[in-house]
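As written, the chains take the letters A, B, C and D, and residue 1 is the first residue of each chain.
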Amino acid sequence: MKGMTIIVKTICGWVKVLIFLFGINIILFGHLTPGGGFAGGVILASSYVLMMLAFGREFVEKNLPIPLASRLDCFGAFLFAAVAILGLVFGGTFFVNFLYQKYLPGHALHLVSAGTIPLSNIAIGLKVGASLFLAIFALSAFRKDFQRPDAGGDNKRPVAGQE
Amino acid sequence: MLYALCFLLFMIGLYCAVVKKNLVKIVIGLAIMEYAVNLFLIMLGYRVGGTAPIIGRGDIQAGAERLTAHFINSAVDPLPQALVLTAIVISLGSLALLISICIRIYDKYGTFDITEIRRLRG
Amino acid sequence: MAIFYILLFFMVIAAIIAVETKDLLGSVICVGAIGFGGSLMFLLLYAPDIAITQIVVEVLGLIILIRATISRDHTFITGEREFFGMVVSVAILLVIFLAGIKVFESLPPFGTPIFAKAPEAPSQTYIEKGLADTGAANVVAGVILDYRGYDTLGETTVLFTSILGATVILRTRSRKRLEEPDT
Amino acid sequence: MSRVLPAFVVAPLVMAFILPVFGRKGKAVATLLANLVTISLLALAVACVGKTGIYEVGNWSSRIGIVLVLDGLTSLMLLAVNTVSAAAMLFSVRYMEQYTAKTKYLSLFLLMVAGMNGVVISGDIFNLFVFLEIASIASYALVGFGCEHEELEASFKYMVLGTVASSFILLGIALVYGNTGALNMAYTAKAIQQTGINAGLAFAMSLFIAGFGLKAALVPFHAWLPDAHPSAPAPISAMLSGVLIKALGIYALSRLIFNVFGVSVPVSWVLIALGVLSMVVGVFLAVGQWDFKRLLAYHSISQMGYVVLGIGLGALILAKHGNPLWASLAILGALFHLVNHAVFKSLLFLTSGSVEMATGTRQLKKMGGLVERMPYTRAACTIASASIAGVPPFNGFWSKLILVIAAVQAGFFGLAAITVVVSLVTLLSFLKVQRYVFLGELPEELQNTRENGGSMLIAMFFLAALCMLMGLLVLVPSLRVTVLQPAVDVLIEGVSHSMKVANL
């Protein structure tokens, strides 16, 4: 897979940035407007998937941070659990919205409001973006072996992004 | 009637998952079932002439920190929407896992046809 | 109201084509049509959050599904099906369907949700107090991340689990001898 | 004590999020941490016995938020889940050295434990579904962990049927929500009490029976189990047969039937029919098997039949307003058999894994004479076989005896006779296992077989000791009153129990 033509590659290079920014926007304003961590995270992942489709797998393997994505996957999930546990530490109960109720009420309908909800959105966005990117990468990285179905199971190149 | 159509969609998915012999077709059937259930949940919360459960500037009474009666009496049910958001993500996750098992099976057997794959019998 | 019927008919027809066509790629594209019909429907049912999520998830889901079907050969299904088994299963499913249709008459009619009538339904509280309780203007965000945040922890975990599972299933070597070091 | 409830879910979850980062360099540390988590959860579960209470997540009242519930049934299930998971995790330390990607295995294992604990402690129908999905998806991936032909195929079959079951359950939840407007179990139960069972709720109930029946592999829905359970690595087979089908299938189903919908005569007859079918079909399919783990898997179906039969019998007596003493006895037998089965079936799967690892085969005909080579495994296997077949001093005998007494007292002599006959066939089948695996001639190829040491033996001894001692749970009155009787009472009290818990 060498990727597509130079026109597609150039346009994707620009569009990727726009999609990425849109994803961040969706995540940050998730508590005020439709959207949120999941939708935004999937959009973040799709900006990288676009790169993968346009430039081919080798480019992605070389230039994009695959091990970082698998770390981010774990880190995002951990961050969300940590927000919940912080509720236990500061608010006395698991999952309490301690920021909103005690420390930082913010103003309704402003970006800084709703306490831990934007934080959770960011954590979920990170986690979803990283993990879906990883999933699609793993699925397409398997492609080489996919073309010769009867090959044995032992002489294959390892899938990147794993240990 | 709308509910029945939605249930028809569910049954089409179930038919596809149970009867078809192709691995990808089975996965497609499962996906259709999940769409139908999600749609059904959202339809349960619909209100004729309603509004989305998202508070804008116009929905807060001027001066007082209270919501207008219009919003309270017309917002659709937010709970099924929260449930469906969860269900969509769950179905995306299981789709990814199913497809990776499919690809792996294709890699081993060279076919998606379930009748050629059957080594085990239940 | 008519628009809902049109969209649902469209989805049902797309589903029938997706199930019955012999071309796997065509069938995957029909699934995409169902998904986009569904997300339009979510939008009209005043669920913009779900519409956005559905549409982006749909795009990624289609990429995943197409990934499975493009294998240069074998996108067409060949071969006979067992006629008898099919008839029996269709008959069973038809019975379930006919039994199910009556069931929906017990629900409140479309457009009048249950929570408006049940005094103890949580949804009324979410709408009235959501902004004051959680500070989130998007009541759905308030529900998924505060009132029912524990569910969302579970949901994140499901995604984590399935992606971890997918990488485990797609790893290239699975067994080794005991003395051998890890690869 | 209900303050610690979230720990049952959060501790394994957080550890599962951290473990994949370790990679292969930190494998030993990761294994140690995972074992620490399962063992401390077991300690916590023991500490929770006899306590009750609720935990309101996020400080929201139970009407609008999610509650976690600790009652007799919950603490019994927590005890079963965490006992088996601690033993299986200990067993994995050495057994999983055969496979690659051990840290990912540990992470998936902990996710499965978290899912089951989450199902057991949840007091909210949709939350139960979410955690059921976590446990199921982790188990689909673990069944295919070996990535060989049979394993992938079994995993695919299991996952398709499991996803169909999940869709059924979700549709059932949607119908319940559409009829009652609530998701909390207590409020749902209250709303159902007020409206009565209408067509929608009856359909939801049948969807739940089909969905959870698929998860529990009761007989018309059992097609996936004999493939999936043998294909998984041995500790995972022990978890799947030992606790997963119970926590996800039988626990969830009986919680919904007894505490949310309320018992009714038709549902009880359906349960009894499912139970008898599973018992009989499972055991007769098992007799003809020559694959060690497959034989054990069919026996799981059969033994689950006992549990469902007992629960159905109790429900029938309650629904007909019969003598509550006999209903209580039937349910006591069922729940006790559930816990016993968790222990002896996971022990059997662990011994089969030990034998497979030492000999490299699962075919009974290729083995023989292992009594000299693997004396400890043999001892453990004999104890577990005696338990499952209902030989007197061991735990399986007592639970089967209680079930038979309950059936006779309630006037179902036919059911009592079937129970006894199935038990005899089980005994025959396990005599076959003893004869072909451990007695007889030692084949040439197996001359170099050696006993597996270390953690695997400790795990097997732990479960074998439990097999011998658990009869005391019914024989010693004080133990029975603190451990088993509260669980029985939860089901006997039915709908009023969930009202009482939520202070309605």
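Rule of thumb we're sticking to: a contact is a pair of C-beta atoms (placed from the backbone, for glycine too) under 8 Å apart; a residue touches a chain by one contact, two chains touch by 3 or more.
Please read these numbers as outputs of a predicted model, since none were measured by experiment.
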Far-end chain from chain C, centres as C-alpha averages: D
Top-ranked pair of chains - ranking by C-beta pairs in contact: B-C
Whole-Å gap between the CA centroids of chain A and chain B: 21
Centroid spacing, where centroids are CA-atom means, of chain B and chain D in whole angstrom: 29
Inter-chain centre distance, chain B versus chain C - centres from mean C-alpha coordinates, in Å: 2
Overlap residues in chain B, where contacts from two or more other chains coincide: 13-14, 18, 44, 52, 54-56, 60, 65, 79, 83, 85-86, 88-90, 92-94, 96-97, 99-104, 106, 108-109, 111
Residues within chain A bordering two or more other chains: 33-34, 36, 38, 74, 77, 81, 84, 94-95, 97, 108-109, 128, 132, 135, 138-139, 142, 145-146, 153, 162-163
Chain C residues counted as touching two or more neighbouring chains: 48-49, 53, 57, 60, 64, 67, 71, 100, 104, 107, 114-115, 122-123, 126, 131, 137-138, 140, 142, 144, 146, 148-155, 157-163, 165-167, 169-171, 173-174, 182-183
Chain D to chain A touching residues, read off their complex: 6, 10, 13-14, 17-18, 20-21, 23-24, 55-59, 101, 103-104, 147-148
Touch list for chain A against partner chain D, complex: 70-71, 74, 77-78, 81, 84-85, 87-88, 91-97, 153, 162-163
Chain B to chain D touching residues, read off their complex: 10, 13-14, 17-18, 23, 26, 30, 33-34, 37, 40-41, 44, 79-80, 83, 86-87, 90, 93-94, 97-98, 101-102, 104-105, 108-109, 117-120, 122
Chain B partner contacts - residues on chain C that touch it in the complex: 4-5, 8-9, 11-12, 15-16, 18-19, 24, 27-28, 31, 34-35, 38, 41-42, 45-50, 53-54, 57, 60-61, 64-65, 67-69, 71, 74, 77, 79, 81, 85-86, 89-90, 93, 96-97, 100-101, 104, 107, 110-116, 122-123, 126-128, 130-132, 137-140, 142-144, 148, 151-152, 154-155, 158-159, 161-163, 165-166, 169-170
Complex interface listing, chain B residues touching chain C: 1-9, 11-16, 18-22, 24-25, 27-29, 31-32, 35, 38-39, 42-48, 50-56, 60, 65, 67, 71-72, 75-79, 81-86, 88-90, 92-97, 99-104, 106, 111-113, 115
